[in-house]
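Every chain is named by a letter (A, B and C) in the order it is written, and numbering of its residues begins at 1.
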Amino acid sequence: MAIDALTQQPALLRVKRSRESQSALMWRRFRQHHLAVWSLWIVVAFYLVALLAEFLAPLGPGDYNPRYTYAAPQGIHFFSTDENGNWQFGPYVYGYKTEIDPVALRRTFVIDEEVKIPIAFFVPSEPYRLAGFIPMSIKLFGVTEPRAPLYVLGADRLGRDLLSRLIHGTRISLSIGLVGVVMSLFFGVIIGGFSGYYGGWFDGAVQRVIEFIRSLPTIPLWLGLAAALPRDWSSLQIYFAITIILSLVGWTELARVVRGRFLALRTEDFVTAAQLDGASDWRIITKHMVPSFMSHIIAAATLAVPGMILAETALSFLGLGLQAPIVSWGTLMQEAQNIRTLASAPWLLLPGVAVVVVILALNFLGDGLRDAADPHGR
Amino acid sequence: MMKQGLRSGPRAGHLVTATFAAILGLGTSALAQEYSQAPMLDDLVASGELPPVEERLPANPLVVEPVESVGQYGGTWRSGLRGGGDNAWIGRTIAYDGLVRYDRNWDQIIPNIAESWEVSDDARSYTFELREGLKWNNGEPFTTEDIAFAIELMQDEAYPGSAGFIDNPQNPVSIEIEDENTFTLVFEQPNGTVLDELASVNGITIVSLNKNYCGQFYPKYNPDAEALATEMGFEGWALLMENKCAWAIEQERWANPDLPMMNAWMLTEPLTGDATRVVFERNPYYFKVDPEGNQYPYIDRLEMRVSESLEELTLMALNGEIDFQDRHIATTINRPLFFDGQEQGDYRLGSNVLSNSNTLLIQLNFNHVDEAKRELFQNKDFRIGLSHAIDRQEIIDVVFTGQGEPFQVAPRPESPFYDEELAKQYTEYDPELAAEYLEKAGLVRNGEFYTMPDGSPLTITIDTIAAFRAEWVDMLELIQLQLAAAGINVEINTIDRTLFYDKRPLGEYDAQVWQGDGGLDVIQEPRYYFPANGESVWAFRWQAWYNGTTPEVAEEPVDWAKEQMDLYTQLRQEGDPEARAALMKQILAITKEQFPVIGVSMPGPGYYIAKNNLRNVADNMLHGWLFPTPAPYDPFQWYFEQ
Amino acid sequence: MLRFLTGRLFSMVVTIWAVSFVAFAIIQLPPGDYLTTYLATISAQGERADPRAIEALRQQYGLGQPYLVQYWKWITGIVLHGDFGRSFEWNAPVTELIWGRLGNSILLEGLAVVVMWFVALPIGVYAAVRKYSLGDYLATIFGFLGLAVPNFLFALVLMYLGYVWFGTTLGGLFSPEFENARWSLPRIWDFFSHAWAPIVVLATAGTAQLIRIMRANLLDELKKPYVTTARSKGLPEWKVILKYPVRVALNPLVSTIGWLLPTLVSSSVIVSVVMNLPTAGPMLLRSLTSQDMYLAGAIIMLLGVLTVIGTLISDLILAWIDPRIRYGGN
């Protein structure tokens, strides 16, 4: 794309020698972008949630309770008054009063302020493996009374805790973005790198291929590929297949960025010096050139993650991506994607809010990183 | 619900019309009356474009008593179709005018296009008398020639259509024409079910092909038919015929407005691939009148929105932009929404009694290619154990908000075949009993899960389609947890519908699910009572043996299944309804003894949405596929109160 | 210019050919064919199909042939006769089905582009001029919100609010009475009373990118010496900005059409499904799931061709206004 070339190349021409180290400069510059700094913390928090999903979620993603279908969010209260009217600290939630309306076929939940259900921290639980390998049997928080309802963000149609499902879904959705981008990076850096380093017919061919892929409308392409997945694959296989499909398109953007950098760098003195030293091409690319524009790659990669996350939700919505019982933001939103939910259980749209927050944060972070990646520019 | 319609006696026996006139409370006075028509036709008659109503009606129009009262002409009935190829709603609303039809209680067969019929004693020949002076909606006379043409075309090897009894190789049929209005269907062997087939949703094929129009695409009547097809870009006459007179291939119906029909409304804007709506207008030649002699239908037009978006249809109903509909939108999950919106949308909810016996049934594969699994799945104790391990009430509470009751695969309480024991056996949730039966079946509990008798692990993979019934996945997730608690390891395999179908002949699947067809239509749809047809997935290879289809996978069934098959063969040839009911009961007795398919719960009542000013709509409707609700409740006599 | 044009045209033809090949390959990938899907569909409706009839149909449709044979037949049909094959599901030529739908797609997407520019340009200019101000942040967040809210969710929420607030159904492109009418003023009015919602959804999805580019371009321009000169000569600030820098910064924006189109086509598929718009999107989705391969292939291919042509046009405009590209070569 011409725009980026126009915005980035002039910046490069003005590279000056400086005493400050590259990373320190970058960090200083990054911190000027307040939105980006905030976004960084938000993104880090979300990825922590993804990593610690089993520990943070009070319940499993599939734990259901027939008595609490479509239960409204309880919210958490932190202060209560005892009989003497003294304030005391201790988080708790209120219980529910329920009735079934047999004509309208609905349960109505009223928050019952008579019943206070205290929330405890570090409650023991069924043993599980954190992130799949650390054996644990303790959860961050939960209720101590057995069978007491804990639906901080409400329950879905089967009486499953939305908060827990959201937390577990975070892992799938964010990792799809990450794995997809890592794969895109892999292809992008290798192909874009060689293309930019060697130039010539190879560069021409790669440019044509990239142009071609980018001219394909993505949704039909994803649709076709997703529809082509063998139908008897397990959910894990589907998961990886989806990330590969997403990165099939994603790598082109990264390859373009990398190629642009290479084109600019290969005439630089330090590259010529390395060549005169007799270093191999591989060594020059990996030891000298890649580190010098790592920051650009990181910025470009950050900006590619939101697209992947959105693409996953879009595919799930169309019924071609991940499917229940896998819990991802996409499948959660697909389950909420009907008028009934909007009308009577709007809290089930919270996964949409999570998507919006993460996408915004990643975009601002990426912008900040890109600005900072040119420490001497602008 | 197979109390067979009236069967006439010997060949010289009485005509049934009189009996039916009496049953429906109709006098013959209507015949002498003057007829009147809808105002929208007045101008056409005045200008000479249409003949007067007396000439359009047959000599003896069918007089149909309205549900509440005689109505008013006018209005448009708006409803919605889901995307392309959704012919079923059209079939359910207007295309239910065969030779005969079911009455509103789904227990008798009543005259329609045919005024009367006689059945020979050996149930091999059926003589029908058509109404005199019937006309297609283009004004051409409808005669026995048209019926003969339909049979000729469907029986043509070169034409791929399949039409039930007409081209059933096991009991070939031929037609003898006496005169313009009288014909006889002659079967090689006795056929006791043909009237039911004719009265069902599939009965219209035989009266849907106008010889004059469709004959021009048939080489026998038009030597240039092949050339015509080539010229129009079709590879062969058969494809052109399908395109123009599609009654064989389901998805292409309603795409050709030129095709004459016999229904109350005729097609004016067709259902093509890029259609955004489908429109029907009244058929000025429709052969039915109300008791005061007003020609039906009352409603002028039908307008069907073609929508890929269920949410759009839901919103249309909520906004009062749909006059009557149940299909697609009247789901359990939407019920509170529609209930709350009644006032704003000015509509009401009526009730449907679903013909399905079950919300979900689990068909373990009796013909599994794996010997050990086959033996296990055929073991009745194993199935009883599984059944007792399912907490049906919990599923009903969670998924269906308490609607319905625990139920096996069995005729519904509304059916004359209802048998409480068959419906309720093994439905109580009893983990101890479950364990007892599972051990009796030879399973060994090894830690968390049971294993096969030889100690190898046991996992049952249940195939399901998420796209067909959204609640299936929910139900299966609960069943999975419940069975896991009982020590049975179950995997849910959500697959695409084509694969679901492709897997059947291969015999490698453990289990598939479906809904309980045949809850009311017990005789017509016995697929879960014995290995009756290709939908009997629990014994696919046995049914292949019985039906002679896919002989490469056919396997000889066990004795009890063979006994059921013999009984059903007898039933099909039996003309006497009482005797047939007795045979069906014997089949069901074996089903009860063998318990082949595990059910979960009987569906609670369904509902429909009708605008408040739409009158003459029955409050309660039976809802089936062969009985294509709401068509048997005579939408032609619905009207808008003005 | 001529050399540039012929070069671009040649590469366009090659790209379109590749698109057709990939489109056909994609629709052939899923196991089974149209008839197995059809069988499953009708059995789901409670009907049964005769296996013999299905086998006869398979012969007629030529579904058993190898990939390259089928592709060759298809592509030669297109090139020689403009014949895209038949839709199995509708037993009708594909060309009869798709043009109206594609027209609607182009119309909607075109309108969305216009709206996008109108929204994004002022915001972009403002964000650049008032860099890192509160307004910059707000404008950016507003733009990115559109990007971040999944289209299908936004569309559904709009539809629901339409019901709750106005008691109308936001769906389709026309009211029933205008569905098949000729174009007239009332029909245009009816069109916009329906189309505003999808246009808004589509436009918001791409606005953020445009804002970002406009802002970056303008920031670059604003630092150039001629701007300082103009300022020092005492030109009013708005004139300083609008007179040259904005116009220069607009140039590269033209090239955004190239990537705007694939994005728009993609999001319009989803919006169309939710809001039941008679565009190519729902038809594509349907034909993909029912494996109606010639129909699906034709739509994928034509959407690709549209994109390629769109890119070509934007390249030509760019070359026309910016000689550096015309002669610089790439």
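Descriptive notes on the structure:
Please note the rule applied: a residue touches a chain if its C-beta (ideal position, glycine included) is under 8 Å from a C-beta of that chain, and two chains touch if they have at least 3 such contacts.
Protein names from UniProt, one per chain: A = Peptide ABC transporter permease; C = ABC transporter permease.
Values in this document were obtained by computation on a predicted structure and should not be read as measured data.
The chain with its Cα centre farthest from the Cα centre of chain A is B.
Taking A-B and B-C together, the chain pair joined by more C-beta contacts is B-C.
The centroid of the Cα atoms in chain A and the matching centroid in chain C are 26 Å apart. Work out the mean CA point of chain A and of chain B, and you get 47 Å between them. Our note on geometry: chain B versus chain C, Cα centroid distance of 41 Å, whole angstroms.
Touching of two or more other chains is recorded for residues 311, 315, 318, 498-499 of chain B. The multi-chain contact residues of chain C, meaning those touching 2 or more other chains, are 31, 156, 159-160, 163, 273, 285.
Contact of a single residue of chain A with at least two other chains is seen at positions 231, 337-339, 343.
Touching chain A in their complex are the following residues of chain B: 310-311, 314-315, 318, 332-337, 339-340, 394, 397-399, 401-403, 466-467, 473-474, 477-478, 481, 492-496, 498-499. Partner chain A is touched in their complex by these residues of chain C: 11, 14-15, 18-19, 22-23, 26-27, 29-31, 132, 137, 140-141, 144-145, 147-153, 156-157, 159-160, 163, 208, 212-213, 216-217, 219-220, 223, 252-253, 255-256, 258-259, 261-263, 265-267, 269-270, 273, 281, 284-285, 288-289, 296, 299-300, 303-304, 307-308, 311, 318, 325. On the chain A side of its complex with chain C, the touching residues are 1-3, 6-7, 10, 32-33, 35, 208, 211-212, 214-221, 223-225, 227-228, 230-231, 306, 310, 313-314, 317-318, 333, 337-339, 342-343, 349, 352, 355-357, 359-360, 363-364, 367, 378.
Of all residues in chain B, those touching chain C in their complex are 78, 83-85, 88, 160-162, 167, 202, 233, 235-236, 238-239, 242-243, 246, 248-252, 255, 269, 272-274, 276-277, 303, 305, 307-309, 311-312, 315-316, 318-319, 321, 344, 465, 468, 497-502, 517, 533-535, 549-550, 625-626.
Residues of chain C that touch chain B in their complex: 31-32, 36-54, 56-57, 60, 87, 89-93, 96-98, 100-101, 156, 159-160, 162-163, 167-174, 176, 179-180, 272-276, 278, 282-283, 285-286, 290-291, 295.
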